[in-house]
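Structures for review follow.
Two complexes come next, and they have one chain in common, chain A, joined by chain B in the first and chain C in the second.
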Partner chain A sequence: MSTITVKVEFGGGLELLFGNKRVHSISLPSFVPADNTIAPSSPPNSETPLLAESDDPPLPANGPIPDPMKGLGEMKAKPLDVQYLMHYLRSRLLTERPELFMDGDTVRPGVLVLINDTDWELEGEGTYEISDGDEIVFISTLHGG
Partner chain B sequence: MDESDEDPKTGLRTPENPSSLRLHDRSHLDHTVLVMAPMSCALCQNAKAILKRPKTGQQICKECFFFVFETEVHNTIIQAHLFEPGDRVAIGASGGKDSTVLAYVMKTLNERYNYGLELFLLSIDEGITGYRDDSLETVKRNQQQYNMPLKILSYEELYGWTMDAIVAEIGKKNNCTFCGVFRRQALDRGASALEVDHIVTGHNADDIAETVLMNIMRGDIARLGRCTQICTRGEDTIKRSKPFKYAYEKEIVMYAYFKKLDYFSTECIYSPDAYRGHARTFLKDLEAARPSAIIDIIHSGEAFELREDIKATQKQQQTCKRCGYMSSNDLCKACTLLEGLERGMAGSVITDRARKKLDAMGPAPDNLRTIPHFQSPRPAVSIQSPSQES
Partner chain C sequence: MASCGNPIADDSALMLSRPRFDKGKHCVKCKLNLGNIVIRHAVYCRDCFTPLVIVKFRRALEPHVNANAGTSKRPKLKASGSLVLGFSGGLGSAVLLDLVYKSYFAGRPPTDENGDPRGGINHPRNVSVWTSCAVCYVEVSSAIPEAHERTEEMRSALASYPNLKFIPLRLEDAFDESWWCRMTGNPDMSQLTLELGKDGLPTEGLNLAHSSNTLSPKDALRAFLTALPTPTAVSRAIQVLIRLLMFFTAQFHGASHLVLGSSLTTLAVSLVSCVAQGGGHAIREEFQEEWPPGLSPGVERGGSVRVVRPLRDVTMKECAAFAWWNGIRVPGRPRLTRVITGIPGLTKDFVVRLEKDYPSTVSTIARTCAKLEPKGTSVGECWFCYSHLQGGLADWKARISIRSHPNLKVVERLASSSPADSSVHPDQTSRLPPLDTHLCYSCITMFTSRSSRKSSFAPPLIHHQDMPLPRWVKPQDAEEAIPVSKNGELWVRSRQSEKECRESIADFLLPDN
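And then the complex of A and B:
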């Protein structure tokens, strides 16, 4: 099993929901549960050591990333995509007001997403499969004129 | 309107009746169809597309995006005949995304097309700790970056009250009523101090569509038409206009992002306006289902504008007996609100009935704090009245 590291950036006020930290480096397995479940206790993921010492919610001890698919038997897997990343960010890094970030399986309308500096609407939105080193930016348009 | 557009990206037909879906349900976009090669720009056919325009669905590259965004604002300005050469124009600058992009684009267009404008930044300091003090720092940086003179006018110097003090007095219920009335007059006074003919503000298409929706929900037909006007002007008020009237919020934010403009994006700590929040959310849901919704709503508001012109002439403008500012009553709204604050009856000056009660308590005491007298700006040379536009 391999892991993928992705740089996530928040802007336009969204960073306030994520401990007021704009840039996060996230490592996730390359295959994840197709239904986007983020295991609550035995976390499959962790933030990379470099950036882990923040006020973020308790993160698992760093170390080898366990295979989230292990023991799941028949469960369907999919390559890591933006939709899974968003679920992960919501359940692991978000500190307040989740409704300002996501709505159902996608971002709340009014939140813009860029994948490697391209509008995610051109990249398949949540279905975009993340590669190692990708940069994903979430910007709220809803704050202050 | 065509509700069954073919999605140019996937070739899928969107459902005939989008309202039967959850508004932003995108589940009809099939995963497998979306995996594709990078698209090239629909305009130059050359560079990689980086943005899907909400207005047109076109996929365009960064350079073409900058150019079409700026050119559309230029066209809006020219078609509405907003400026004359030599005009002194103040940009209402809050440090937020819209006014920051507006300042940048106004500077760019003024140079590119030789508008011959003298541009200023005008900021109002409402006196909100942790919000406006930070955003004013952004405006001060903009002043350096864009090399424009900046004037900051505070509620404190004008009214003797900061918003912090007002909220401490009246609570968080009607604070935005006070703030709105005070800001409007403060902007006019700031503009007249700068001797400008014209204030431009960063109101974008989403803001205007939202206001249209709220006026519909409130049944306020009189405001419905007026709120879509690109340029408004009272009897001797300074002209105010909205060069971003047709600019989508998404494109403004993308423009700021790609140009790496420095803006401030924190919500006002006293912002309670749940109603506005709902209208905004509803609008964003509509936009997600059909991006043209924003422009469609603005057009429907504009349809009310014509009849509004007749009404607008009916009410005679006069000046406030206390401060000289334009008013349709003896006292302008700001003086009325200020009197309520000073007499410890702020909560009661919002309605006409409460105003009568205040009057019944006798005339305002002589030692009442008042607003400095308003100096009407010199008349602008050539004014295009709103009814002649568009």
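And then the complex of A and C:
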């Protein structure tokens, strides 16, 4: 199983929802569950993320990445995309008020997403397939005038 | 696709959204680079995007800089005073600050050892558009339980912009006699209050009284907010306080211009929310206004402040991308005030959601509202928010309202308020007029509308006898102004006796039996 490392950055006050940490380096498997399930032991919307006390999920150097496909049997897989990344961020890194980050399967209206410095609307939004080394920025515009 | 909200509507009733962008992925401007951002269905590259925002900013600001338009098509920009910038710490005002600074203040000439510009103040190189620029921040933490002070954080955010003066204000300054005295040079220390009913809310007649309490400005602010009936009223009151604190401050500092960081998106929110709260008569002021109000055009405007919103054509999304790509630090608004409640909060959610799927509708809101003209004449200013007062408001309200008066005192006052009985009160001159005839419709609603849910916003306090009002609420004229319409016609109001009233509608009355 190969892994993909992606740099995630938060701006415009959105970092406050993620423990006030702006930049995160995240490694994820290249194939993930098509229904965006994060891990069998940590269902989406979990109030207590498994890694709440640590900074980030383990990097490749720190040990093997748990394979989210393992044990899922016939579960459908898809290449890692931005939509899965967002579900992952919400389940594992978000520390408060998930409604300010996501709305259904997409970002909340008022959050600008840049993929490698380009508006994600030009890149297929949530369906964009992440490559190793991509930089993805989430910027909140909701902090008024 | 978005639902029209009707659960039984069929699919054809759904509004189809256009694709996110119209043509290819190349920039519509240079047609060379791959695009980086989609603005209202048009694709721009990063190189073309930044100048686009700067052009929109200048186009919205510069026609308002010179006191008079003059005849020259491109007049030399010269303001008659200094510039004050309203800074909330939010995205719009952070972008505005950066644009203003880099456009008009960054290229300041080197100074000599005395701090004066080399070559003298009148050297052409040294003539800038505004004499100076001050940044005004209103600290709102006192209004919100458990909020922390952010004034120093805002001050440090300005460190990268040298030569700007920082003016920190506090929301409770509105209730502070020393602040008011400094602003106006007027040693009048009286503070007015509103009588409160048994429920701790203002009574329907909005009876004014002279203040007998000695609350600190902070406690006065809290008592004021606690006595407001709805979350919408609290949101609006805070907005009015911030706005007037800035207006008085700008005037005090000799500013010819006050610039605010409202983007197209926030402008659309405030327009819709203004109309929804009954402020349609003053809608033009949401775009542009002059302070102090009430001077007719053409009158010598010495000492007046022009309020401009230079980002009124730039959407929130453009502001966010501009700030990101230009490394502009956005401190963020104080966390709890972002959670605005009531009509303003709901309107913001609605407009932001609408903008995501239909990016052009937001500018349609602004363009449509820009065409609106208030009907009827203005008869002065509202005592609380200083916006235009619509003529004939009390009559109109009396016609459309069905009111019950559980408060006996109000019934008595209404029943006996004919001029004839004024002799009963020998101290007539010192009596205060009821506030309700001097408030705009939004303010009357703010003080008197009742909610089924009590505001959970304000901290529960010991109940006060009365509600302190901001220092600027003063009886402005002893005499009721007599409204005169454009054709010179006088409008005089007089109360009909019950007999006269009956006679005038006699034909429509059913027999008593």
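Everything that follows uses one rule, which is that the second predicted complex is superposed on the first by the 122 of 145 C-alpha atoms of A that agree within 3 Å, B and C clash if a C-alpha of one lies under 4 Å from a C-alpha of the other, contacts with A are read in each partner's own complex, and residues count from 1 in each chain.
Just so we're on the same page, contacts are C-beta pairs under 8 Å (C-beta built on N, C-alpha and C of every residue); 3 or more make two chains touch, one makes a residue touch a chain.
What you are looking at is a predicted structure, and each value in this text was computed from that prediction instead of being measured.
If you put the two complexes together on chain A, you find that chain B and chain C bump into each other. In the superposition on chain A, A:Thr141 makes contact with both chain B and chain C. Touch criterion met: A:Leu112 reaches chain B and chain C at once. Look at A:Pro79: by the touch rule set out above, it reaches neither chain B nor chain C. When the two structures are aligned on the shared chain, A:Thr127 is found in touch with chain B, with no touch to chain C.
When the two structures are aligned on the shared chain, A:Gly19 is found in touch with neither chain B nor chain C.
By the document's definition of touching, neither partner reaches A:Pro98: not chain B, not chain C.
Of the two partner chains placed by the overlay, chain B and chain C both lie in contact with A:Gly11.
Of the two partners chain B and chain C, more residues of chain A are touched by B.
Residues 11-13, 16, 109-110, 112, 114, 117-119, 121-122, 137, 139-145 of chain A lie at the contact with chain B in one complex and at the contact with chain C in the other. Of all residues in chain A, only 11-13, 16, 109-110, 112, 114, 117-119, 121-122, 137, 139-145 touch chain C in the complex they form. Those residues of chain A lying in contact with chain B across their complex are 11-13, 16, 103-104, 106, 108-110, 112, 114, 117-119, 121-122, 124-129, 137, 139-145. Every residue of chain B that touches chain A in the complex is listed here, in rising order: 9, 22, 24-26, 29, 31, 34-36, 38-39, 48-52, 59, 94-99, 135, 202-204, 206-207, 249-250, 252-254, 257-258, 264-268, 280-281, 284-285, 287-288.
Every residue of chain C that touches chain A in the complex is listed here, in rising order: 20-21, 25, 34-38, 43, 46, 88-93, 96, 260-263, 265-266, 311, 316-317, 319-321, 323-325, 330, 332-333, 335, 338, 352-353, 355-356.
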